[in-house]
Amino acid sequence: MAVTDPRPEEPPVAKRRAPRRRPTTTEQPESVGNDWRAWPVYEAADLGFRNYWYPVQWAEQVSRKPVPIQLLGERIVLVREGDEIYALHDRCPHRGVPLSLGRRQYEGTISCPYHGWTYRLDSGKMCAALTDGPESPINNRVKVATYPVAQRLGLVWVYVGDGDPPPVERDIPDELVDNEFVMGGRWEIREGNWRFAAENGFDEGHAKYLHNTALWRLFKVMPAWNKTRIVEQDGWLVRVQDEVHWEADFPGLGKWTNRRWWKRMPLPDAPGKGKGTVNPVIRDLNLPGFVSIRLPGLLRVAYPQFIHYEWYVPVNESQVRYVQIMVRFETGAKAMAFKAKYLAAIRWLFHGQFTAQDAWMVDVMNAPPEKLYRPDLSLTAWRRHIEQANPEVQIDRTPHAT
Amino acid sequence: MAVTDPRPEEPPVAKRRAPRRRPTTTEQPESVGNDWRAWPVYEAADLGFRNYWYPVQWAEQVSRKPVPIQLLGERIVLVREGDEIYALHDRCPHRGVPLSLGRRQYEGTISCPYHGWTYRLDSGKMCAALTDGPESPINNRVKVATYPVAQRLGLVWVYVGDGDPPPVERDIPDELVDNEFVMGGRWEIREGNWRFAAENGFDEGHAKYLHNTALWRLFKVMPAWNKTRIVEQDGWLVRVQDEVHWEADFPGLGKWTNRRWWKRMPLPDAPGKGKGTVNPVIRDLNLPGFVSIRLPGLLRVAYPQFIHYEWYVPVNESQVRYVQIMVRFETGAKAMAFKAKYLAAIRWLFHGQFTAQDAWMVDVMNAPPEKLYRPDLSLTAWRRHIEQANPEVQIDRTPHAT
Amino acid sequence: MAVTDPRPEEPPVAKRRAPRRRPTTTEQPESVGNDWRAWPVYEAADLGFRNYWYPVQWAEQVSRKPVPIQLLGERIVLVREGDEIYALHDRCPHRGVPLSLGRRQYEGTISCPYHGWTYRLDSGKMCAALTDGPESPINNRVKVATYPVAQRLGLVWVYVGDGDPPPVERDIPDELVDNEFVMGGRWEIREGNWRFAAENGFDEGHAKYLHNTALWRLFKVMPAWNKTRIVEQDGWLVRVQDEVHWEADFPGLGKWTNRRWWKRMPLPDAPGKGKGTVNPVIRDLNLPGFVSIRLPGLLRVAYPQFIHYEWYVPVNESQVRYVQIMVRFETGAKAMAFKAKYLAAIRWLFHGQFTAQDAWMVDVMNAPPEKLYRPDLSLTAWRRHIEQANPEVQIDRTPHAT
């Protein structure tokens, strides 16, 4: 028996619409109930949003051998032919066998292992039912859906949507398109819906408590609590900290602080604000706060010298592909040094143990119902942002052969 | 495909009510069909009965580290602070993270691991959302449900019910409240609904067949068959054996007996009846039979020198917490000797292999439908007893924060 | 999220009925949509067909110790008493405990492990409730269903149906009833519905592609593609190959052939046709093609010197008991040599690796929807054959005690 709380009655329509009209900056999260009916687009988006490019794999992980993946609930097979990577719906329309179990019989094609139906990688067209001869009436009359694929940042990007896709650059942060940089990264499949992962990323409140045991923060103080506001800038929502408190006294309980004698105070929260050296590319971003998020589920954490990005790529309702990269806008020796630092430390401390704490929470989180508090205005701003953008929800819409 | 038998049509109301009006003592089980609709309260009670105290754990197993349990389908966290043990609903109302994953940040509290919402153990009141500072508007405005807890017999008892609980002694057999004794025991989670476990315990028929291979009975004869009647005494149902047969001849099959040359005949079935020495406390119970049962699911098997108790504590619909203790009403050397005997033998033979045979049956049992026979009057008396007592059923009623 | 395709609207009735009236021999599969509604009997038959004998086990595998099996979704216990094997519904009607967990207390009976209810193996009649004495009113008043059992070909055959069963020989190929032969075989439980296994067996198209990597075909060429027609003969559907092509050229792709320099051309496809030596029994079958199928799910593959048979015995909706034997109609030294060859090679190469490739496809196949091609006329002939025979579908119809 799962412990479940009953949902309250449907709130009146006026109340439900209200959050959308509120100004962008609020001091309190809009909690109009303890469920998600105030955010109907968001509530429906358990499989994610269509019409976006999603990173799914390192390009070098895809070879001639087919790689099956799941993306927004759809089963897709990736295959490489030379420099190109192709993505097809991973189901032979003949008898429903996954094409990812198939063979690479002829150049530029993939053949179903069962009867040798052979599909062109570029068009998805079935050009030969090998076991029925060249005059088979079905040749060229069956098609599997294909997906636009791009390779950027060493990653394979797949577009799930209708019609001609936009350039993949639309869905990659500008600073990664326009500048030279060095990067490290990792990805993995994690338990939990992608929305919990995204909310956890933009969540103002949790780091100060959940992560105060992380090795990544061993020598850096984290705040005790902040006063925060969310602003929109260039399509990103940015968390702006108006007040940062390093210590608090709770009557009857005691002191609450992350200060320890061995911890240094961190640099200012917005990378452009402080006095320390800031990388020029990052300074030019002019960010009012160091954490920002944007559709379809990309978080950016800008430090003075490097930026961490993480994508919450929906696998299905209960799993998320968590893709994280750390970028430094440098070349030459500095870039080499950063790459070494990434492999020796960042990969294990930040992209490993630190974000594994997040993965743990995303896995055990069980909401709604929920009861929000002041820092959760970050969550409700994100949900409201989605309602306003009104992106097209993916509702188990499997592409068919035509 | 599970093998399922269709249920018969609903019996007419008159027939359904009839069993409740029958006299307490019957010679046949009341089988009014092959389902449980004659016992509607019982049929609904797959999660057990509210408004009772249940033993759930050895008190010494609960330390400052939170212990998650499930009881009547509810998720509960147990924590110790000094001599006190507290029980809270195991879900932070903020985002649904189990409090049992939390930290013990301040004396007398538990903090959710995610955002540091801190709850008083005694009241369940959230006294500090650590990551939102001392003036957070939500402080003291959220509560998780708490459960009354008692410690008796070395066990932690939890009350699931509404309003002020009765004294825990109401739900502990009087003889364990009023006398000195020594005891041993063990508990475990077993597969199967708690009602099957309870019925198996009070079942008149099975021991003679199922347990005739048990080591516990290696040197003691068990009857071949009995004539039995059920009487109520002090809130307990007692199985009274009017006839005990040690041997039977089945025409065409052969002899049926548990007698073997190496087995001794047991003492009389009712501990007060025979000539052998009987412990004075047990004699004073004046029991007309050696097996008795009572609400909410407690079995007592009284031997001349010791008593075995077992509780069938509902975990959820498909698991039962099986708590068994063996008690001897002695002090000093006799008590020491019994304790040694318990650890050396009883714990393994009786509380181990013998009741593991019961666990096996409870696990594979698949009823209704069922077809009852004469000894099953013990089961139907128990079900009728419950209909008459009409206790309040637990129907997935999760307590909420207020 | 499973990838599912929506089913098209119900086709008009005229269109749905049409396939049944088509002549037996067609050049194209009748694909009237991408679901199975054109074959309603077949679509309903996920648990198989009643009123047939099914092989379920090697006779020597059944001893006095009860063996639980599942057949057409029903739970059945097999037990041996001397030379006889009995099959009973594997559920004690008392409290639903499987009889297969029971003991063999008396000759010719099986006793439920829980309360010793003792059933006669031949009639299923409960002759003694041991724990209620010889005068128990329930003795001889309870019955569990029994199933007709036969032993043939070293296999245990069980009949699931109503009324008197036909002779088991009705469901065994005549040539195995009327002749002497030597055989080897194996059986196993495989994943996937029995219909996928049967369709895979009779499928004209797949072998040339799926099995062209099988060791069994290492030294034998397989065709590139065929023109096929299905004819009915003595209750069997036979695949007749009107054209066999050993090579094909697919424009833009290349050559497609299974020819290799180390492979020999096989003997003609119909065992009676060619010039090579053909075993007289097999020649007398007068088969127009080497693969044939019949109800309730038996495939025959006739080679010039031996015949392979495989039964697709429904276990439940998602598993099939796959029973395969290889038969040579010889005695004496030739028989001995064949037996040795079976154990040394055929068992591992053909009944092992070769048919394991089929098992793999049956497991991953996910249809309907489906899109059929020319060779699939073998599948639609089989489905139409079933619609015309209109056998009685097994719909989770569990026998009850009476």
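Chains: A, B and C, in written order; residue numbering restarts at 1 for each.
Operating definition for what follows: contacts are C-beta pairs under 8 Å (C-beta built on N, C-alpha and C of every residue); 3 or more make two chains touch, one makes a residue touch a chain.
Because the structure is a prediction, the values reported are computed rather than measured.
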Proportion of interface numbers common to chain A and chain C (over half same, under half different): different
Rotational angle, Cα trace of chain B fitted to chain C, multiple of 5°: 120
Euclidean distance of C-alpha centroids - chain A vs chain C, Å: 49
Contacts with two or more other chains, residues of chain A listed in rising order: none
Chain B-facing residues of chain C, complex: 47, 70, 73-75, 90-91, 93-98, 101, 105-106, 109, 111, 113-118, 127-134, 136-138, 142, 316-317, 396, 398, 400-401
List of chain A residues in touch with chain B within their complex: 1, 3-5, 28, 205-206, 208-210, 224-225, 245, 248-254, 256, 361, 364-375
